[in-house]
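Given below, in the form of structure tokens, are the structures.
Look for chain A in each of the two complexes below; its partner is chain B in the first and chain C in the second.
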Partner chain A sequence: MVDSRDTIQLNSKLAKSTSWFLGAGVLGVLLCAVSYFQDAQTFFASYLTAFSFFLAISLGAIFFVMVQHLARVGWSVTVRRTAETLANNLLILAVLFLPLLLGVHELFQWSHEDVRLVDHLIQSKAAYLNLPFFFIRTAVYFTVWSVLGWWFLRTSRLQDETKDPALSTRMGKVATFGLILFGLTSTFYAIDWIMSIDAHWFSTMFGVYFFAGAVVAFYCTLILVVTWLKSTGHLKTSVNTEHFHDMGKLLFGHNIFWTYIAFSQFMLIWYANIPEETLFFLHRGEGLWKTISLSLPWLHFVAPFLFLMSHNIKRRPALLATGAALLLTMCYVDIYWLIQPNFHQNGPHFGISDVGSLLAVGGFYLFFLIHNLRQAPLIPVGDPRLNDCLSYDNGIPE
Partner chain B sequence: MSSTAHTPTAAARAPRVFGVLAEFKNPADVYHAAEKVRDAGYKKWDVHSPFPIHGIERAMGLGDSKLGWIAIFCAMAGAFGGFSLQFWIHRFAYPLLIGGKPLIAYPAYIPVTFEPGILFTAFGCLLGMLALNGLPRLYHALFRSENFKKATDDGFFISIEARDPRFDLAATRDFLSSIGGTHIEVLED
Partner chain C sequence: MIPHRDDDPTKRPVLVESSDFHEVTEIIAAPTETKLNTTWILLLMLSGSFLCLMVGLFGYLFWEGTGIWGVNVPVAWGFAIVNFIWWIGIGHAGTLISAILFLFRQKWRTGINRFSEAMTIFAVMCAGVFPAFHVGRIWVVYYIFPLPNQMAAWPNTRSPLFWDVFAISTYFTVSLLFWYMGLIPDLATLRDRANTKVRKFVLSVFALGWRGAARHWQNYERAYLILAAISTPLVLSVHSIVSFDFATSKIPGWHTTIFPPYFVAGAVFSGFALVSTLLIVAREVFGFKKVVRLHHIENMNKFMLLTGTLVGYAYAMEIFVAWYSGNIYERYAFWNRALGEYWWSYWAMITCNVISPQFFWFRWVRRNLIFTFILTIFINIGMWFERFVIVITLHADFLPSSWGYYRPTWVDWWTYIGTFGMFFSFFLLFLKFLPQLAIAEVKGVMPEASPHFHSHDSSNSSNSRH
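After this line comes the complex of A and B, so read on.
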């Protein structure tokens, strides 16, 4: 049973921080408005970057939640509510996405009729890359994500009250179909909204590359949010060293997976050396873009790999959270690196539009997160595997 | 001369004590007994159980396994070896331009750097584990005990070895009995 002295309800002091995030969001919107009138294309590129970054976190979260139900995982029960709430944020992301619909012509060369008429490569892709189909697909992605994110949190909250184990079985069943839908939608989102910016270029690994980065970004966020909840006096006994150790292991493992995908994509393109494929890395291989390209293997892989290897790090929440924060920054750099070289060939152009977009999307994202964390206990108190989780032990000697 | 060569001396025949073996009723008993053996300061001893007992490492006061260090040493040796092999071939032994790439095309070396790293780590882990466990071996003094056969079925045992500095035949036997051990046997090497 959950220790009765443990705080599993978000305290009112923390709930007050929502006004800060709301304020950050409003400030972000103002900065976005300013940058929009300075240069619409720069603004949309920045907004797509910031949006895709926060979307990645919530996509990683819905993936995590579904895998936990599918595999009937015991250890993660007390951190699952945080993940469910992050996944539920797909609802607010569907709203925050709307401004991008206005930027389709700024973002996508292929959407211009005159470009298509003279560009043979884009012409040959027109059966897929045309605006009506593009909007239908986008609507499908956000519908699927919103429904999944909303349903898993709702069902889990329902279980808080009913304590009905059958709900866990039902969530496991929905997760099977949900994961298939998730795989397709997250892949095609990456192809449609990130890869097709440079419609001449293609990589069959692009979808899984975005997914791999998304899961890493999610684990970083999960560790940070749980550390934050603990440091503000919540979940004192419900989340302990063992759970941090496991979150750290998964972060470590998935970051290696990201590296594997990233390197495989690079290696095949570099080795084959076919012009329409190498252009992607050529654009990112000059000036400051080259520095950023090189920062990915070193700071997204080598440094976190060495840092997170020992369980002595993973079992110390402060150190693990530090690593997670740095890696989360690199996840943003990764998405920035995917999107922005298409718009700023001569080098990164980090400015008011990027800061504004991060504040706007991030502010509302965190506001909505905390708002939803307040609505229910911070752990799924009705989960049949709760006791497994509370007594979970990695068996590491002291 | 010849008669002494064929007759073992008395000293060689005198059996050496390997240690003391005690049986416990169930996993909980052997777990708590292990904590007491640990607190009594014994170092050369072991718990024997048909299945893993959760948290027994802590009850026994075991430290971190050294296997991790063996693994990372092997990983680095393998990766370094794999990289050096390719570097040496392309720089000195047989410089050959492939696909218009530079001679030292290090992105292409990564798979072959990675693979020996993994291979060496796998060997290091397996062989290191066997070495740390003192395996393979054909004989162990504990197998002299008929009762010890239960350790693969339903018996829970603690053995304290004579090479432990705190070992004293009578005192250790009494100690094991005082913490709940039954069927206490003194085993010879």
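After this line comes the complex of A and C, so read on.
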């Protein structure tokens, strides 16, 4: 059972911090407005980057939640509410997405009639890359995600009250179909909103690459949010060293998976050296972009790999969270690296539009997150596997 | 509706239907301690004769050259590589079960890991014979290794075929070590039960002086964890490197970036299918039903549903991107696969690999042994066709005047069938002379093994940490 002295309800003092996030969001909107009038294309590129970054976190979260139910996982119960709330943020993301609809012509060359007429390749893809179909697909993605994110949090909260184990079984069943929908929608989001910016380039691995990065970003965020909750006096006994160790292991493992996917994609394109594919890496191999490209293997893989290897680090929340924060930054750099070279060929152009977009999307994202964390206990108190989670021990001597 | 005991979220599934350690030892040790039975001997003779056939056909190949195979330009890679990849893929389930499921604390794996690790080792051996003989001049096969020599001739390090040499040999070595290390405590158990001097001596040698001391167990568990950590990347790397054999090329239909994870998913898929095929028979014949429960079979079926669907995703992504690329050669390659001369192999692949595992959505199919057995056979056939479909994409290459139709010869067929003889010969020996399931590990997941088992005020006391 949960220790009755443990704080599992977000305290009201902390809840007040939401106004800071709201403030950041409003400031971000102002900066975005300024940058929009400076250069609309730069603004939309930055906004798409920041948006896709936070979207990746929530997509990773809904994936995690569904896998926990499907695989009937016990150890993760006390951190699952945080993940569910992050996944529920897909609702606010569906709203924050709307400005991007105005930027379609700024972002996508293929959406211009005159470009299509002279570009044979874009012409041959017109059955897929055309605006009506594009908008329908996008609407489907956000509908699926919002429903999934909302439903899992709602059902889990319902279980807090009813303690009904049958709800766990039902969530497991929904997770099977949910994961298939998730796999398809996240793949095609990545193809539509990121890959098709350069409509000539293609890679069958692209959806998997975006997914792999999203899961890493999610684990980083989960570790950070849980550490933050603990450091503010919550979940003292409900989340312990063992849970941090496990989250650290999964972060470590998934980051290796990301590397595997990234390396395979790069190596196969580099090795075959076919011009239509290598262009992607050529664009990212010039000037300062080259430095950013090289930072990915070193700071997204080598440094976290060495850092997270030891269980001494994974079992110390402060250290683990530091590593997670740095790796989360690299997840942003990764998405930045996917999107921005299409708009700034000469080198990265990190400026007011990027800061503004991060503040705007991030501010509202965190505001919504804390707002929702407040509404229910911070752990699913009705979960039938709660005792498994509380008593788990990795068997490592202190 | 009351959920089945295995699905009830308030309980943990029962992994062993026994509460007696001795009974578990008896069940698993029994096949190794009874007299040779006639069926076993006949089966061994049958597989042995197929093994001899394989050896004979390789002798013929050695004498005559690869002209006796169906390979020719444009399909210069035929059955040899198809069978090689098929067998290598089969092995992956064993490594996944012993390494990845171990790291993910999937306790049910203990019921099936020994069995599938043995399968891994024999499957890798069957795979290895194909490239070994395909090099043509088998008497200088050592040139595949970078050995210093007076001609200063070195293997081409840029060739994925050379990477294969290291991928496969590492894989074989680590799998063998993992398997053998897991066997040590069980061999000691058999040694202590041995009733003849010869048996006792042989088992003593292989049990390496295991006494079951606390220090032995401590070293054992640490080594097990380290080997699991080493094997985990191998599950992904081996088949990824095999996929590089195709994907590093510029051949339409071969060069595609999703190949590495797609091959890995397919490998695990086919591996689980073969483990299941063999285990369904073994648990009936040897009476392992208390240790390998329907729950285990069902879990493996879920894995097949998952990996089969992932393979389906990869097929879909390949076709979509072939179209999306706008590249006419790429588009043609896929159109030709589905509707060209080899359409039958493509649709056999889709039916067996994507459609047949979908039956596992139904709980009653997952828990029905006959259905499961039939579906696993379909999957094994489908995964063979997958590699065939990929390889024969070559039949329509860049130069239409050289297009041709690949036909395997009788030698191709019988060599392939011969490898089954090799596989089953080893497998039958394993079934008879080694403990088929991991005795010590199975005992470890029984509730009775918990140090808190006898303190009866249930979950609360076991929660407190010491």
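What we mean here is this: the second predicted complex is superposed on the first by the 398 of 398 C-alpha atoms of A that agree within 3 Å, B and C clash if a C-alpha of one lies under 4 Å from a C-alpha of the other, contacts with A are read in each partner's own complex, and residues count from 1 in each chain.
As a convention for this text, contacts are C-beta pairs under 8 Å (C-beta built on N, C-alpha and C of every residue); 3 or more make two chains touch, one makes a residue touch a chain.
A quick note: this is a predicted structure, and the numbers were derived from the prediction, not measured.
In the superposed pair of complexes, A:R80 makes contact with neither chain B nor chain C. In the superposition on chain A, A:R116 makes contact with neither chain B nor chain C.
Residue contacts after overlaying the shared chain place A:P397 against chain B, while chain C stays out of touching range. When both complexes are overlaid on chain A, the residue A:R385 reaches chain C alone and has no touch with chain B. Of the two partner chains placed by the overlay, only chain C lies in contact with A:G207; chain B stays clear of it.
After overlaying the two complexes on the shared chain, residue contacts for A:H245 are found with neither chain B nor chain C. More residues of chain A lie in contact with C than with the other chain of the pair chain B and chain C. When the shared chain is aligned, no partner comes close enough to touch A:K230: not chain B, not chain C. By the touch criterion stated above, A:S168 is placed in contact with chain C alone, chain B being left untouched.
When the two complexes are laid over each other on chain A, chain A has residues 267, 271, 393 in contact with both chain B and chain C. By the touch criterion stated above, chain A contacts chain B in their complex at residues 263, 266-267, 270-271, 273, 309-310, 393, 395-398.
On the chain A side of its complex with chain C, the touching residues are 1, 72, 120-121, 124-125, 128, 165-166, 168-169, 172, 176, 180, 183, 187, 191, 200, 202-208, 249, 253, 256, 260-261, 264-265, 267-269, 271-272, 274, 276, 384-385, 387-388, 390-391, 393.
Note for the complex: chain B touches chain A at residues 54-55, 57-58, 61-64, 68, 72, 99-101, 107-108, 110-111. The touching residues of chain C, counted against chain A in their complex, run 3, 7-10, 12, 103, 233, 236, 240, 244, 247-250, 255-261, 309, 313-314, 317-318, 321, 323-327, 361, 459-460, 462-463, 465.
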